[in-house]
Amino acid sequence: MKSLHGCNFVAMLVALAMVAAGALMLGQQVNAAAEGTITGTVKLDGTAPHMKGIDMSKDPYCVKQHENSPAHLENVVVGQGGGLENVVLYISEGLTGNEAASSEEPVFDQKGCLYTPHVLALDVNQKFKVITSDQTTHNIHPLPNAMTGNIPWNKSQPPGAPPIETSWKTPEMISVKCNIHPWMHGYFAVVKGPHATTDGNGAYTIHNVPAGNYTVTAWQEDLGTQTAKVTVAAGKAANANFTFKGK
Amino acid sequence: MGKFVAVTIVVIAIVSAIPILRHTWWMAPDISQHGAPIDEQMSETMAEAGISFLASQIILALFIWKFSGSRPSDPIKSFPGGAKTMVWAAFLLVGTEVLALGVFGVKAWANVYFAAPAANALPVQVQAGQFAFYFRYPGPDGSFGPLHPDLISEANANFFGIDVDHDPDSKDDIVTAEMAIPVNREIHLLMHAKDVGHSFFVPELRVQQDFVPGLDLSLHFTATKIGRYEIVCTQLCGLGHYNMKAYLSVMSQEDFDSWLKKEAALQ
Amino acid sequence: MHEMSPQPHVAHHVPPTGFIRKHIFSLDHKVIGKQYYGLALVAVLMGMVLSWLMRIHLAWTNYPIPGLHWLSNTGAPGNVMTPEYYLQLMTMHATLMVFFVLTTAPFAAFGNYFLPIQVGAEDMPFPHFNMMSFWVTFVGFLVLVASFFVSDGPTLGGWTQYAPLSAVGAVGGPGEGMGVVLWASSIAIFCVGQLLGSLNFITTTLDMRTRGMSMWRLPLSAWAWFITSCMGLTAFAVLMPACILLILDHVAGTSFFVPGNLVINDQLQPHSGGSTLLWQHLFWFFGHPEVYIAIVPGMGIVSHVLITNMRRPMLSHRVLIYSMGALAVLSYMVYGHHMFVSGMNPVSSLAFSFPTLIITIPSTIVVLIWLGSLYGAKLRINAASLFALGFISMFITGGVSGFFLAQPSIDIMLHATYFVVGHFHMVMGVAAMFGIFAGTYFWFPKMFGRMMNETLGKVHFWLSFVGAYAIFMPFHYLGLAGNVRRYQAFVIDYMQPLIPVHRFITVAALATGAAQLIFLYNLIHSRFWGQPASDNPWQATSLEWSTPTTPPPHNNFGDKLPEVYHDPYQYGVKSSMGDYVMQASPEQVPSEHDEA
Amino acid sequence: MASTVHEPPKIASPVEPVRTAGHDGRGGWAPSSGELRRLKDSPPPASTGIWVVLASITMTFLAFSSALIVRQGSAADWRHLSLPHILYVNTLVLLASSFALEAARRQVDAFMKGRGTRAKSARWLYIALFLGLLFVAGQYVAWLQLRSAGLFLATNPNSSFFYVLTGMHGLHVLGGLGGLARVIRRFGNSALRKSTLDATAHYWHFMDGLWVYLLLLLWMKL
C-alpha cells in the first residue's frame, strides 16, 4: 500500500533543472566579475498600521513560546525610519534568461507557531525546505492559484518530522497557512531570476545581475507592488528605492 | 471446560463493573444549571443497565456451569414456563424500564431544548472553522454586525468577516479566541459554522451540539461554578479535529467586565 | 409447438470443466460463498493491521513505528504518523470492516454457501446474478483499496462521510478530493453487488424450497439470512443514490449537500443551498439497518450452532423468528438516534428515542430465549459452541450499553465519545465476528471436508474472548470520562490522564490481534491437512448435513433433492440414530417438539 | 408468493436406516420420492424475483424523491424550470411501447396455444423495442434542449435533479431494453420461458409508471 507521490515526478524534473542550472552557472563563471547588483531601501510613508495581537490560547504550547514576547500579525512590519520588512524585490523586465540561478536551499521554519521568514522569496524551480522547530503538530497548506500550474498541497509535520523538500514551477505569490493554527500565515514569493527580500530596516540587495536595463518590482503582501527602472553597469551597484503609501 | 467458561464470564462481568461502581473514570463534575437531571438520568440508567448486565451474564454463566457437564443419559429438561414467560418477562422488564427512563429522559431533554432563553441572557456568538473556535461579543451596543463571508481573512485576523468600516453595529463587536462568561448568568450561544460540520462540547457544562453549516442554531445555558474548562470539537472536521479546542473561563461578573475591556482594547 | 413450460433450473448443473468456470467465474453458489469468505478474510486482515497501527499511534503518539514510511512516505514522514494519515487509516478500517467483512462474511459468504442447501435447492435461482454479485463487490473492494494509491491518499471523513466535509473537495483536507470520489464509487458499486445478492437470497427462500420444506421448517440461520436480505434490499437501495449525489457534488459541482457561504482557507466556496442534514438522513436510513445486517445473520448462525450443541431446540422457534423480524422492521424507525445532537428538531429526537428503546424488547426476548434454552440442555463444549456462547455474552454487553445511547439526554454526554465506539464494537464488531467464528468452526467440515483443530480453536476462543473484553470494556470508561473519538492524539488537557488507559487497550489489542493468527493458521492448516470429516460430524439435523458427499456435489444433493419431513431441530428424541432425527429422514419422531 | 407445501406422506413404518461405515448420522438412506426439480406448485423464480427487483428500484427512487423534496424546501436557490415539451411526447411513446408489449404478450400466449403465428408475436415485440429506443432518444433530445437553454447539471438544484432523475430512469429503461432484446432472441430460438416474458413486461410497465411519477415530481412545485 505504498502511496505514489505526485510530486516524485516534479522532484525529478526539478533535479534535471538543477543540473541544467549548474551547467549554466559554470558557463557564467567566466564573467562572474562582470555582474552587478541592485540595492536600495523600501520605506512606508505614513504611520505604521496597528498590527493586531495574536491570541494563541487555543494551543497552550504556542502560548508558552510567546510568554514574554507577545505575537503580532506580520502583514506590514515597519522598522526604524519607516523601513518596510518582508518586501520582495525582483526583476520583472529585462531578464535575458542566462542569469545565474542561486544554488542555496532556503529554509521555511515553523517556530513559536509563526512562520520564519514570514515571506520566503524563491526562484522558479528552486528547492526549499519546510522544517518545524515546534513541539506541536503543524500542517503546511500552500494555496496556489489552480490556474498557474503550481500544485497545491497540504501536509502535516509532527514534532521532529523530517523536512519537506519541494519547489514551485511557475512565478506566483503563494499564500501558505496552517489550519491547525489558523493565525499562522505566510507567503512563498516565487519569482524568475535574481531577487531579494528587505530586512528589518527595509534594505535589500539583489546579487548576480548582469549588466543591462531592468524594471525592478517591489511586492508587499498588503500594499501591492511598485516598479522602478534601473540600469546596471558591469560590476557596479545600481540603486532603486521604493516608498509605499500606508493604507 | 464449561465450568471454566462460566467462571471466566462471572469474573469478567464483576471486574468490568468495579470501575463503574467506584467511579474510577466518570463524568466531569457538573457546573451547569440544567445538568442535574441529566446526571440523575445517567445514574439511573447505569443502575438499571448494570443490574441487567450482571444478572444476565451471571445467569448465562450459571446455566453453562450447570448444563455443560451433563451426560447423554440425562433427560432434556425444559425451562419452566417456556417461551411465553420469556416474552412476558422481556415486555415487563424492558417495557417498564423503557417507560420510566423515557419519561424522565424527556424531562431532562426538555429543559435543555424546549425552554426559551431568558430575555436578559448574554448573547455570545461562536464560530467554528477548521480548526479553531472564535467568539464574538456584541459590545456596549448589544447588537452584532452582519457577517460578510467574502471578507473573511484569517491572514488579517478577520475570522468572522465583519466590516468594521461600514457596519455601525460591528464597530464595537469584540472577537476573541477564548470564551469567557460570567458565572450564574444565562448565556445565549449563537452557533455559526464557517466551513464544515463541527460540534460544541463542554463535558462540565453538560452541553453538546453540532454546528450545522448553512443552519445557525442556538443554545442557552448557565454556568454555576467559576473555573477554566475546555470546549472541544466532537464532529470529525478534518486533520486538525483532535486539536480543535478553546478554553471556557467562567468568571465573576467583575472579572468578566474587566476581561471584556481588555479584549476590546486589543481589537 | 414450442416448449414454453418452466425449464427445470438445471441447465448450469452439468459441473463446469475448466479452471476459470470452476473457481473464478463460477456459477456455483458454494464456490461464490467461499469467494466471499476469502474476500472477507483479506479485508479483515487489512482492517486489523490498520487498527494495530492506529492503536500504537494513539498510545505512543509521535513515537516512530519502524518501517511505517514504506506504507506511505507522505502519511508517515520519519515513520511518525501524521494526523491526516491516522484519520485515513481510521476511515479505511471502518469501511473495510463494516462493508467488506461484517456484511460479506456472515451474510454473503455463509448465506451463499448454506442457504440453498438448507432450503434443499440445487442452487440459487439466478446463478449469473449471483456470480455478478461477488465480482461487483470485488470491484468495489479494489476501488476502495485503490484510494491508498492516489496522490494524497484515501478519504479521512470517517465511514459516515458527513457532508459538507465529504462534499467540498480537496480543499477540505488530504484525501477529500479523489479519495472521497473513490470511496463513494466503491460503496455505490458495493450496494449494487449486495442488491443482486439479496435478490437471489429472497427468491431462493421463497421459491426454491424443496418438497416438505415449509417456511416454518427453515432453520434459524436460513431465516436470519432471509430477513437480512430483505433489510439489505431496502437499505442498500437507499445508500446507492446517496453516494451518487455525493459523487456529483464532487465532480459536477452540484450542491445537494453543500450549503452556500462556506469559507474554507479564506476561499468562498462556489456552492449554494445544499442540505447537510439530508446526507445524514439518507446515510443513517441505511446506516442503522446496516448494523442489523451485520448482526442478525450472527444471531441466526449462533442459534443454529447452539441448538446442535445443546441437543435441544430453542424454547420457541417462532418467537425467535418474530423477534428477528421485529428487529428488522424497527431498525428503520430508529436511525435518528444517531443524530440527537445534529441540530435535528429536538422533538424528532424524542420521536426517534422511543422506538430505539422499544427495539431492546425483541433483542431481550432473543437473549432470554437463548438463556432459557440453555437451561436443561446437554451442552457440548467445542470451539463452535464456545464462540456461540461468547457471542451471547458480547451481545448482552453491547446491547446494555445501547440503552444509554438511546436516550437523547444522556447522549449529550456520550455522543461521539469512546462509549459509542465501545458499544458498536461490542455489539456489531466483536459479536458479529464471534458469529463468523462459530459458523466457521461449525461448517468448515462441510465446506472443505476436513475438521478444524479443536485445541487451537479453544485457545483461539479464550484469547479472543478475554481479549475482546480487555479492549472494549475500557472504551466505555473512556467515553464516560468524555474522551472524544476520532482524535489522533490526546492534546486536550482533560484527556491526558486517560492516555494510560489507551496504552492498556493497545497492548490488549495487539495481543488479541496476534491471537487471530492462530485462527488463520488453523484455517489454512486444516484446509489441507485436517482430519477428514464425516458427512455429519455434529450429529445435526438440517439439510446441509444430508448431502450425499462432503463437501456437497456440484448440485448439492446428487440425483435426488431431499424431502423434508420434520421441523428443523428434532433433538432430544429417541431415534434410530440416537438423540436426533434429521429433517430429511421420514422416521417418525416419538415426541414431536412442537412450536410454541 | 411463498409456496404452499404438501404435507409429506405419513410413513406407516419408519424405514430402517442402513448404516454405512462411519457415524455419519444419515445412513445410506435417501428419500424415495425426491426429484431433481423445484416444488411444482411454487412459481418460477423470475416471477417472484421481478417483484423483489421492483421493490429495490422503488426504494432507490423514493430516496431520490425525498432528497428532492428536502432540497427544494431547504433553500431559496430553487429555480423551477419549465420542462421541455418533448418530454410529453416521450411519455406517450413510452406508454405506447407498454401497450405494444402487452399486445406481444397476448400474441405469444395465443402462439403458445397453437393459434397465431410466430411472426405476429415477433412484430409486436420489435415494435415495443423500437418505441423503447425512441423514448431513450427522446430523453436525450430533451437533455440537448436544456443544454442549449443554458441549463446544466450544476446550474441550479432543479436542473441537477432533472438530469439525475431522468438519467437514472434512462439507465433502468436501457436495462429493460436489454431484457426485451434477450426475450426476442430467446423467442427466436424458442427457448423463451413464459415467466421471463412476464417479468420483462412487469418491469417495463413499472418503468412506465415510474416515469409518469417522476414527470409529476419534476413538474409540480412543492
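For this structure, a couple of remarks:
Each chain carries a letter (A, B, C and D) given by its place in the written order, and its residues are counted from 1.
In this section, a residue touches a chain if its C-beta (ideal position, glycine included) is under 8 Å from a C-beta of that chain, and two chains touch if they have at least 3 such contacts.
Everything numeric here is computed off the predicted structure, so don't read it as measured data.
In this structure, the chain pairs C-D and A-B differ in their number of contacting C-beta pairs, and the larger number is found at C-D. The most central chain, judged by C-alpha centres against the centre of all protein C-alpha atoms, is C.
Centroids built from CA atoms put chain D at 48 Å from chain B. We define each chain's centre as the mean of its Cα atoms; on that basis chain C and chain D are separated by 30 Å.
Taking the mean of the C-alpha atoms as each chain's centre, chain A and chain B sit 45 Å apart. Chain A and chain D, compared by their mean Cα positions, are separated by 64 Å.
In chain C, 82-84, 173-174, 259-260, 265-266, 273-275, 277, 489, 491, 493 are the positions where the chain touches two or more neighbouring chains simultaneously. In chain A, the residues touching two or more other chains are 59, 136-137, 139, 154, 156, 175, 177, 179-180.
Shown for chain D are the residues that touch two or more other chains, namely 75.
Interface note: chains touch in the pairs A-B, A-C, B-C, C-D.
If you check the complex, the residues on chain B that touch chain C are 1-2, 5, 8-9, 12, 16, 19-20, 24-28, 37-38, 41-42, 45-46, 48-49, 52-53, 56-57, 59-60, 63-64, 67-68, 70-72, 74, 76-79, 82-87, 89-91, 93-95, 98, 101-102, 105-106, 108-109, 112-114, 129-130, 149-150, 152-155, 161, 194-197, 199, 201, 203, 206-210, 212-215, 217, 230, 232-243, 245. For chain D in complex with chain C, the touching residues are 1-3, 5-6, 8, 10-11, 14-17, 22-27, 29-31, 33-39, 42-46, 48-49, 52-53, 55-57, 59-64, 66-67, 70-71, 74-78, 111-112, 114, 153-154, 157, 160, 164, 168, 190-195. Across the complex, chain B meets chain A through its residues 129-133, 154-157, 159, 176-178, 238-240, 243, 245-247, 266-267.
Note for the complex: chain A touches chain C at residues 1-7, 59-60, 136-137, 139, 141, 143, 152-162, 164, 175, 177, 179-180. Against chain D, in their complex, chain C makes its touches with residues 1-10, 121-122, 125-126, 195, 198-199, 202-204, 206-215, 233-234, 236-238, 240-242, 244-245, 248, 252-256, 259-260, 272-275, 277-278, 281-282, 285, 534-536, 539-540, 545-546, 548, 555, 557, 559-565, 576-578, 580, 582, 584-588.
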